[in-house]
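First up is the structure itself, then whatever we jot down about it.
Lettered A, B, C and D in written order, each chain numbered from 1.
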Amino acid sequence: MGGHMARNLLKKGYPVVAYDISQESLAALKKDGASVAGTPAEVAQGVTKLVSMLPASAEVQEVYAGKDGILSTVQKGTLLLDSSTIDPSVSQAMAVQAEARGAVFMDAPVSGGVNAARDGILTFMVGGPDGNFPEAKDLLANMGKNIVHCGAVGTGQAAKICNNMLLAISMVGTSEAMNLGIRLGLDPKLLASVLNTSSGRCWSSEVYNPVPGVVQGVPSGNDYQGGFGTALMMKDLGLAQNAAGSVKANTPLGAAVLQIYRTMVNHGFGGKDFSSAFLFLQEQEKSK
Amino acid sequence: MGGHMARNLLKKGYPVVAYDISQESLAALKKDGASVAGTPAEVAQGVTKLVSMLPASAEVQEVYAGKDGILSTVQKGTLLLDSSTIDPSVSQAMAVQAEARGAVFMDAPVSGGVNAARDGILTFMVGGPDGNFPEAKDLLANMGKNIVHCGAVGTGQAAKICNNMLLAISMVGTSEAMNLGIRLGLDPKLLASVLNTSSGRCWSSEVYNPVPGVVQGVPSGNDYQGGFGTALMMKDLGLAQNAAGSVKANTPLGAAVLQIYRTMVNHGFGGKDFSSAFLFLQEQEKSK
Amino acid sequence: MGGHMARNLLKKGYPVVAYDISQESLAALKKDGASVAGTPAEVAQGVTKLVSMLPASAEVQEVYAGKDGILSTVQKGTLLLDSSTIDPSVSQAMAVQAEARGAVFMDAPVSGGVNAARDGILTFMVGGPDGNFPEAKDLLANMGKNIVHCGAVGTGQAAKICNNMLLAISMVGTSEAMNLGIRLGLDPKLLASVLNTSSGRCWSSEVYNPVPGVVQGVPSGNDYQGGFGTALMMKDLGLAQNAAGSVKANTPLGAAVLQIYRTMVNHGFGGKDFSSAFLFLQEQEKSK
Amino acid sequence: MGGHMARNLLKKGYPVVAYDISQESLAALKKDGASVAGTPAEVAQGVTKLVSMLPASAEVQEVYAGKDGILSTVQKGTLLLDSSTIDPSVSQAMAVQAEARGAVFMDAPVSGGVNAARDGILTFMVGGPDGNFPEAKDLLANMGKNIVHCGAVGTGQAAKICNNMLLAISMVGTSEAMNLGIRLGLDPKLLASVLNTSSGRCWSSEVYNPVPGVVQGVPSGNDYQGGFGTALMMKDLGLAQNAAGSVKANTPLGAAVLQIYRTMVNHGFGGKDFSSAFLFLQEQEKSK
């Protein structure tokens, strides 16, 4: 993801100072025109706008607040945009520490996947001060086409995990409804068309149907390859549960769907697209 | 429902023989031009096409196969269309008994609610033999605008309960996501707009949002009055669970959402619209 | 089960008239001293006390109320004891029909399994009139050691399915707790001993622990062979959900545990002991 | 809790240096013979054995690793015993930091409640090095009667949260089974006796039955006053879910029961004993 984003900035003429733990990725970026740094701290020394894209909360804490981290050298007035999908409370903690050093930290998680990153058409959900949003939007617009200001720092993360929780619930719900209907004798395409012209309609039934052959060009038609992995969905559902716990929000289906995706990961579905919930559910009783 | 449907047939010039356990309803229909009968058997004696609309499986069994029931007097070649939402296996059993008497029973449950019944714009999901569908469609088209042939007898019910199970899952999922997001600091309208332009989008988030003020003209804006009652949704979710049990279909979220609606019914939400799931979930921790 | 029960009656000197759909089983019983009948109706013609043991509600309805069924020939005053585990409402319906013929039907489901049937130490949970219980107890005492009068007809079934629902919940709960603790670094025997001397203690943790090696002589130590099959537990949990629906009882964990056992059956665990829930849950994330 | 524990040490003749954020509590302890300190750091300066009892993970991090915290002044060789119920990974982190200062940190959460603390009969579940356990046991034996060494640091917490997760599951399971059985016509005491002589037996059904009147001297008989609060159970279930997430352990019922207790807290049950799950579930459908 990060590589595609950096290349889009380079294409638009921005000078880019890059850091990655993979020397290979760094070398490739250097070849495409970026300067490279040896640590996050070195990046921060040389820039006034910084974009980070990291796997999880622990890496964000390490890269920002750890040894040789961004916050150890960040210049006053720097705009820090973190596009990782992490716990909103970690985003908030980073913002407090950045402010203490005179910098501004905003969370800006994305939706759209690797292809959207490459094509510069990501959606960014941004949390942070009103006054800094225009500058953030100007920069992010080089990498995405839809830049939404969600509110104070952390609300970008909040919007992302609420969406993905509802997505997972709808996907498993669609898988359950399709599987039940098929077992009751319905043709999958006919059932999908009934749902999609009625109140059961959702993105998962309409655009990304989990039953092979119902919609063209989606992972269900390609043995659940590509798309958004079950293990990544499990991670986002874990973030949703942590956030729900912190505000005591009741999420019975959100909790159930995390367990379903965890079962799937434990039973070997981690690398398949998250629509493989249908594959898991449609398993038939085996003969004794 | 049944009264509206009968009136639409009368308006289109059909002679109607009516029966209802409510003498009041029957008298009103008589005033509007229907003949009235004293029992279901009396209705069946005088017609070659019959439409029934009943509360649940037990009533369908009673009205068709009970004492003074339709099947005791039904004429050969009669087309029996049952618009009740019931267990598909009961529809199948009625079809077998009807066939033994030379009649054809088709299930034809509806979606659309009381207003759609009045306006003649119901959707009918029809299960039964291919050869009888055209005749069924001709009659039902006087009461609805969308007549879908789903397959063999029982598949109309199957389509209806699959849709409503997915609807309930999406509605509770939307309620959980909206409630979580609001507690995390998001504005409800902004969150809904993020969901609706992203992969969390569903009919419940877009058309019938459960948070007051997000969408105009829906029950959430009117103290959850009107719409589709929580107790009725609980009934349909029970049918879905029975059907799932009969074919051993795995429905973890379908099972969970039935329990949620049952909790709501037990705690006084039975008469409110089913989008009141949000109201139930957003309850805040009370001070000690 | 039924064969063992009949043999215990024969051993105590009772004359037995037997019927089974398996000719082999019937022939074996004949060899052991029973008379055999060609239909349930024939059995009923010749006895004043009758015990039935059948797989499910449908078979009970067929054998009692179907063609050549018990109720077609039952003599006035006959005591009918049904030891099948079925829907309490079916027991109640049979009792009504039996009463119309001057006979008394009581439900008397068992706990204890095949070995307890062989050894004549079953527990019988009996539902039916107070006045008939002493006679029922006298007969059942030849096949079991613990004969409990639970109340009106149907309450024997109710007690059985409540017990088995709680058993399944405790078993899956024990499996989850043991699996979590082991992954967190606890020794299984030490964890079991902590649970069993504390408030987590239950029959499943103490007597029938699902983790191999913790308790001796239980199915978990023998590759989950023998014991009480996952498919049978799934059946009983389905009865519990039907009963819960009929009285609108909220059973969130009961509903969840049915789905877990159904997933297990669909994934090939149907023939293993129900403590194999641990085996299903402890599956580790596979490498990509 | 902490006050009772300190008093038991004083009674046994130990000199105690105490700190609490409540000046009132501190003054009371002083009256009973303790020295008092102004900060955790002051306590650590003066002792070689230290016992802490705190509400949650955040307080443990603050009191040990925060400003004026224990680790800022702790002497080499000091034994630190933390009896708080917290995230095992926080216990492990504290142990690493303590080791860096030459001290030994062990987790030692308790079961038994306020009365057991007062009477010195707590159970301590201890995690930490084998070599330090004897010394820990000698000290803890003044405050409890059952001191269990569970393994490496963090395993005391693991044992506690596994027990409490299974306890909550059993309690809600017992509540569901009792409620279902009662609605199906069973007498509560008779049903409890069936469960308790059968495989559904658990601590919650036998010792602490949630239905008023079944067992004497428990909170259910006293309007669910006293005992172990629903809000505290919710906290422990949240710790269990965090721990399960960290090791990817599947806990479908553990996740469901957290949501149930959260619903209860949000609907005003937070201050009642956790057996009030029965009260929440037995709510009857209200008349329209």
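Definition applied: a residue touches a chain if its C-beta (ideal position, glycine included) is under 8 Å from a C-beta of that chain, and two chains touch if they have at least 3 such contacts.
Which chain is which protein? Per UniProt: A, B, C, D = 3-hydroxyisobutyrate dehydrogenase.
All of these numbers come straight from a predicted model, not from anything done at the bench.
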Dup interface of A-B (contact pairs over half shared, numbering-based), picked from A-D, A-C or C-D, is C-D
Greatest centre-to-centre gap (Cα means) from subunit A is with chain C
Field rot_deg for pair subunit A/subunit C, CA superposition, rounded to the nearest 5 degrees, holds 180
For the pair subunit B and subunit D, the C-alpha centroid-to-centroid distance in angstrom is 49
Whole-Å distance, C-alpha centre of subunit B to that of subunit C, is 37
Touching two or more other chains in subunit A are residues 248, 250-252, 256, 263, 265-266, 283, 285
Contact graph of the chains (line, ring, star, complete, other): complete
The subunit B residues in contact with subunit A across the complex are 88, 111, 123, 125, 146, 148, 150-152, 154-155, 158-159, 161-167, 169-170, 172-174, 176-181, 183-187, 190-191, 194-195, 197-205, 207-208, 240, 243-244, 247-254, 256-257, 260, 281, 283, 285
Given the complex, residues on subunit D that touch subunit B span 252, 256, 263, 265-268, 270-271, 283-286, 288
Given the complex, residues on subunit B that touch subunit C span 238, 241-242, 245, 248, 250-252, 255-256, 258-259, 262-263, 265-266
